[in-house]
Amino acid sequence: MYYNEMLDGTKVREAYAGLSDWVDQMPAEIRQMKQAEAEALFRRIGITFAVYGEGGDPDRLIPFDMMPRIFTQSEWRRLERGIKQRARALNAFLRDVYGRGEIVRAGRIPARLVYQNDAYEKAVVGFVPPRGVYSHIIGIDLVRTGRDEFFVLEDNCRTPSGVSYMLENREIMMRMFPELFRGNRIEPVDGYPDLLRRTLETVAPAKCQGRPRVVILTPGHFNSAYYEHSFLANLMGVELVEGADLFVEGEFVYMRTTEGPKRVDVIYRRLDDAFIDPLTFRRDSMLGVPGLMDVYRSGGVSICSAPGAGVADDKAIYTFVPEMVRFYLGEEPILKNVDTWTLWKDDDFKYVMDNLGDLVVKEVHGSGGYGMLVGPRSTKAEIEEFRQRIKANPSNYIAQPTLSLSTCPTFVNEGVAPRHVDLRPFCLCGERIELVPGGLTRVALKEGSLVVNSSQGGGVKDTWVLSE
Amino acid sequence: MLSRTASNLFWLGRHMERAETASRLFEVGARITLLPNTAEGYQNEWQSLLRATGVSDRFAARYDEVSEENMEKFMIFDRDNPSSVASCMHDARESGRIVRTALTSRVWDALNVSWQEMRGMEPGQEDAADLADFVARHAATVHGAIDGTQLRNDGFHFMKLGYALERADSTARVLDVKYFVLLPRVEFVGSGLDSYQWQVILRALSAHRAFHWAYGDDVSAGRVAHFLILNDESPRSLMTSVLEALSHLDALVRRYGQDVPHSARDRAQALADRLGSTDIEDIFDEGLHEFLSDFIREIGDIANRVQADYFHGRG
Amino acid sequence: MRLKITHQTVYRYDAPVGFVVQSLRLTPSVFDGQKVIEWKVDIDGAEPGPGFRDGAGDWVQVWTMRGPVTEVPVRIEGVVETADLSGVLRGHREMIHPMVYLQSTDATAPDDALRALAEEPEADLSPLDLAHALSARVSEVIAYRPGVTHLNTTAAEALSLGEGVCQDHAHALIALARLRGLPARYVSGYLSADADGAEHEAAHAWAEIHVDGLGWVGFDAANRCCPDDRYVRTGSGLDARDAAPIRGVRASTGMRAEELDVTVAVEPVAP
């Protein structure tokens, strides 16, 4: 059965000890009132998923569940060690494959998966960014299946989003239920923006003088994550720029201000590789900065994450991350991978075809919960339809066992009920590797559903780490 | 401050003011057509109004008939007309969204609410005066929130500069409507009709009471023109608007120092000096329409210089 | 052989441009087959960035120029000592894994005709023989004829026309080599006039194919040969666009109304 994070049979587990009374004592009317209040707060702050120009409700909210998800200090410490270890290995891998490629030479990862990967960027080969860090913000998606069993579902090394929810969820919980936070039992997460800024400042190029100027580069206000970009810029106290706000001159990048050009040292870009520089990547990109890559490679500016960092978080590369931990760090991985069958291998293909009804199948480059099959929750017809798609292009898919995702108590119409959850903590890599105690918990609000993506009916929760 | 941020703040101010102008112009048109009319019919007045604001081609391309109904759609609701109230409110709100973090939550709320309410309205529900009131009320809420809550930094000055330049431009255009409306009928100058039309102009600028306080009830062309052009107590006069623009440009120069280009300030100073040494007879001798056209060009030039001095980022 | 190169490219804009950014790959490669005696790149009124050697071993330098300008003249002058290595790119320092050059691009995307052509050489040829065979086939099926193709002509289009210039020969050969599993890339450089004065393109391009054991080997299908001491190599890429010696856009976006005027001379000089 599923691991229930609050209840062990009928006994309340340690982490939730303080919370179960709170839940029991809250009358239904109060709960509904609070829920409406939370929604109004979100709307007021402006945290919506507006996708302008694409129709739909421009002010859609991701449902927020007021019931927090809780980890004890010791649970968190183990997770933290595992996440940092993984982040170190991923950056070591990037440094290696944009350098000599030792892991490939050693035969530990097939060359094809690295060098023929769409995300591999030859324009970065031979370049080592400051402190050897290629991916500065790594979002690691975790699921839990038992008391001590955590699995990594995927790594996000490019520009993982969702951190604004981690911060807003906490903010709203503190505003609505200050009594829960008295006694200082819950580790704060609101240091994240400062920590992010400091982390980015530590990877400024050597040519930078004085305090580095950090900016966030956004594709613009039509982007669905624009809110997060502007939210972070505001909390970090840095400018939110678009490509046209920046220009290259001589050896540096400058931003256009009312007082003339100002040099920029570190660019936290929330823009895909293909768009950041029309001279090197897509020529038709109007979102980027011409000449940016040349300045980057000659050490005039830092780009976070480095172009090409995506080669480390590809679903095909994912299966090799435990191998990276062993190869680069000489350690055993603390966090496990989910068993993965890669469909371009004949044996794996046969196994998957024979067991399609029990497996989860994903597209290698898919995201957002689209283009996937959850075998046990699909009809025969859906499975057969998917089987044909796999046969047409096997190397586009991977398969995993259907995991028994843990559940957390969640407010539903009938009261409180268990719903499946995952977790995305955000690991920051600069001079040091750091992690704020918390993350984004996503919850599948539909009963029995294992898909937590917001596009598929998922919601979010505040995530607590208890201090000792 | 990022050039783009400054530019968005500037345009936020301009668009809010422009929304108000559009509704005022519509009200002027509606009132003028209430007059006992000549054989040519009311269409002529609407045509004049379209010509004065330079949008007759755009109107003609989208509507068959010049009627109050179509004018309301065009000037208030038409999102394909960039100068309509709806377009301006939308654009102001969009500018605000882009620079959300440079605004206080009160300003953002006011902008957001004004756009949401505008979006909820439909043509044919309200008469012209009510529409103008509606727009003026929201414009005032936004403006009040800016004055009451924004930090007095460069962003504030860019917003207020946008308001001031747009107001200068719009008062000049509303005045010019009178010229276009009257042009074919010189024989009316000084007549009761003439006086009525000047009153309408004053009303359109919410200035009729102020005018009567200042000048009594003799509504003559010379006095109204003086009030709306040269009187620095009149809140929408060209003089007041230019002085206000100048004060914000001065504030920017103080803040940024002499090393940052300030050709817009210099130009605004010259314009203010020139207005200060002009009297209303000179203006009528030169021709009111010629004077206004020249003034509108000057304002355009200052706006271009603001762009060159501050929004270009010199890269 | 000692070759003197003078090369001038002029970008002309129909209206004054406020700001120009160009990324240049216009410096001779460093390998056993060529040695730079002197080399000078200059753009009137522009400021050079610091420059760096990229993963493919090319020297890259960004130049920026404040306007308003209507013309950007790029002038190159230099002398290079070359040696004949039968096309082999010996002693070239680069870090990009050859496998990266198996990926297709728009200009080198295969169609049925290219696929059929790629299958013509027998399966059991050695990689080097296969590369030679493919290059020879390209020389036969695409006749040298200037003016029929343009900058954006693809390999497939050139093959169906049966005519083209060096860019088209190189694209076609790259497409064929990749179809046969051989990494291949586009090389830009210069070619000195033959003693007999035959028609040729002084600003030249050819293909390189990666052969295990030998490394990268040049093939000039347009001239039915491998690069020798008449050739000067400057840069490479997945296709012509990727290997472009000058990549430029003008600031203040919009249409790029630019014209390219090229004068280039490559002549042997006495040491």
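As written, the chains take the letters A, B and C, and residue 1 is the first residue of each chain.
In this section, contacts are C-beta pairs under 8 Å (C-beta built on N, C-alpha and C of every residue); 3 or more make two chains touch, one makes a residue touch a chain.
Nothing here was measured: the structure is a model prediction, and the numbers come from that model.
A.B. asks: Is the chain-to-chain touch network here best called a line, a ring, a star, complete, or other?
C.D. replies: line
A.B. asks: When all chain pairs are ranked by how many C-beta pairs they have in contact, which pair ranks first?
C.D. replies: A-C
A.B. asks: What chain lies closest to the overall centre, CA atoms only?
C.D. replies: Located nearest the centre of all protein C-alpha atoms is chain A.
A.B. asks: What is the distance, in whole Å, between the centres of subunit A and subunit C, each centre taken as the mean of its C-alpha atoms?
C.D. replies: Distance between chain centres, rounded to whole Å: 41 Å.
A.B. asks: How many angstrom lie between the centres of subunit B and subunit C, each centre taken as the mean Cα position?
C.D. replies: Once rounded, the distance between the two centres reads 59 Å.
A.B. asks: In angstrom, rounded to a whole number, how far apart do the mean CA points of subunit A and subunit B lie?
C.D. replies: Those two chain centres are 48 Å apart.
A.B. asks: Using the touch definition from the top, which residues of subunit A touch two or more other chains?
C.D. replies: 244, 247, 249
A.B. asks: Which residues does subunit B have that touch at least 2 chains other than itself?
C.D. replies: 315
A.B. asks: For subunit C, give me the residues that contact two or more of the other chains.
C.D. replies: 19, 251
A.B. asks: State the interface residues of subunit B toward subunit A in the complex, per the touch definition above.
C.D. replies: Of all residues in subunit B, those touching subunit A are 1-6, 94, 97-98, 100-101, 105, 108, 154, 158, 252, 256, 260, 310-315.
A.B. asks: Please output the residues of subunit A touching subunit B within their complex, sorted ascending.
C.D. replies: 44, 46, 221, 230, 233-234, 239-242, 244-245, 247, 249, 254-261
A.B. asks: Would you mind writing out the residues of subunit C in touch with subunit A in their complex?
C.D. replies: Interface residues on subunit C, with respect to subunit A: 19, 21, 23, 47-56, 60-62, 64, 66, 95-97, 99-100, 102-103, 241, 247-249, 251, 253.
A.B. asks: Which positions of subunit A touch subunit C when the two form their complex?
C.D. replies: Per the touch definition, subunit A meets subunit C at residues 98-101, 104, 111-112, 114-116, 120, 122-127, 244, 247-251, 278-280, 283, 286, 290-291, 294-295, 297-300.
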